[in-house]
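Below is the structure I would like to discuss, written out as structure tokens.
Which chain is which? They are A, B, C and D, in the order written, and residues in each are numbered from 1.
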Amino acid sequence: MMKIKIVLFASLRETLDSDGFDFEVAVGSTVASVVGALGAGRGEMWARVLGEDNVLTAVNHTMVNAPQVLAAGDELAFFPPVTGG
Amino acid sequence: MMKIKIVLFASLRETLDSDGFDFEVAVGSTVASVVGALGAGRGEMWARVLGEDNVLTAVNHTMVNAPQVLAAGDELAFFPPVTGG
Amino acid sequence: MRIVVQAEDFDSGAEIKRLADQSNGVGAVNSFVGFVRDNNEDTHVGSLFLEHYPGMTEKQIQTILTEAEERWVVLSATVIHRVGELTPGEQIVFVGVASPHRGDAFDACEYIIDYLKTRATFWKKESTPDGFRWLETRQTDVDSADKWKQPEKS
Amino acid sequence: MRIVVQAEDFDSGAEIKRLADQSNGVGAVNSFVGFVRDNNEDTHVGSLFLEHYPGMTEKQIQTILTEAEERWVVLSATVIHRVGELTPGEQIVFVGVASPHRGDAFDACEYIIDYLKTRATFWKKESTPDGFRWLETRQTDVDSADKWKQPEKS
């Protein structure tokens, strides 16, 4: 197992009532498999919210897609489409 | 005869050493005929400078062309292409 | 290149002068300032709450500025984006670009704000008479950014 | 609509806020500030002297602003142009446009400065190491203004 950091922003942070936490995942986990583990470990709401089509993911401040493989210490962020400016 | 006002700007003002004056012209004069009268009355330099292709003319703050007919009291301006901003 | 994310208001005039002072040969500064509107989609807006992803936001803005510098003559560029709670009429964002000539300044500034709207990790929540609502991406913003896509060289 | 020709410097930040305060619903202010460059056509410029045609200049700027208001959603617009002697690094001209959305603000602002350059009666004289010289119209300025010409409806 390895430890990564999960962070959540905006509507995801509010809906899931969490701004993030450290999380233990299997070595070789992908973004997709972490979403699966979060749904399994934290309940239906997490599976549903993180599974929505428009949820964006970043690893260490760079946008990534679901197949992205994670390394120990990575910061994995989930957030909705951006609306700044 | 009728009186109009001649005004000159920028390089024309400097080259002809005048920023303007009242000028008596025949009733029914056009911009072109005033240019002729200025050349006849004030000398070769005026004919040459006001006859240059890029000289612009305005009557009462509106751009006009050579055939424009003038009225008593009009302000006739001569100036080079603009270079502001 | 100056990138600031802050709660405080900013002085656009001082930023414009700073852009001109950064470099010799500045003839033109184009700048964009976004303001909180008092209504959105026909609903009265009482206040706006802006959140960002510290670290990632600044990095994304830097990438957008670098792209603009590669595409136009940019002598200096500034982005200031406010976060926290803002009320209608307040300044939200400043984008400024200094160039020798104005065409580059206009295009680079519009490029930066168009991509900032679609790629920088900021999120807006509005307070309306019906409560808070998170804003959704506008299709017009996506279209604005798409206009900068260059055709592939064949 | 605010049109000022003056010798004094101006505060771009105050002008931007004034544009936003003129009207409800302002979401975007685009502004252009022109600066005196320290060189022009590879010649060092010591100072710039700006002359205008009082009365006609303001009228022409008003016409240009009215055209911009007919073409885009413009909630308020400002042009400030300095005259007299200016040195490199000084501000020459401010053009600002406030709109609900940024696309209109960018386009209207660029339209105004492009036509101001080719239609407003200002003239520039530069002091260079070889003495004074009156500037000539740049072809690039003529081309910039021409890009706004709309095709005739057929």
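Criterion: a contact is a pair of C-beta atoms (placed from the backbone, for glycine too) under 8 Å apart; a residue touches a chain by one contact, two chains touch by 3 or more.
Computed from a predicted structure; not experimentally measured.
Asks: If you check the contacts of subunit B and subunit D, which chains show up for both?
Replies: Per touch definition, common to subunit B and subunit D: zero chains.
Asks: Can you give the whole-Å distance between the Cα centres of subunit A and subunit B?
Replies: Inter-chain centre distance comes to 75 Å.
Asks: Hey, how far is the Cα centre of subunit B from the one of subunit C, in Å?
Replies: 49
Asks: Which integer distance in Å separates the CA centroid of subunit C from that of subunit D?
Replies: 23
Asks: Please set out, as single numbers or ranges, the residues of subunit B touching at least two other chains.
Replies: In subunit B, no residue touches two or more other chains.
Asks: Among the residues of subunit D, which ones contact at least 2 other chains?
Replies: 34, 113
Asks: Identify every two-chain combination in which the chains touch.
Replies: A-C, B-D, C-D
Asks: Can you name the residues of subunit C that touch subunit D in the complex?
Replies: Its residues touching subunit D are 11-17, 20-21, 24-35, 37-39, 89, 91, 100-103, 105-106, 109-110, 113, 140, 144.
Asks: What residues of subunit A sit close enough to touch subunit C in their complex?
Replies: Residues of subunit A touching subunit C: 7, 9-11, 14, 58, 61-62, 77, 79-85.
Asks: For the complex, which residues does subunit D have touching subunit B?
Replies: Within the complex, subunit D contacts subunit B at residues 34, 50-53, 55-56, 59, 81, 92-93, 113, 116-125, 134-138, 141.
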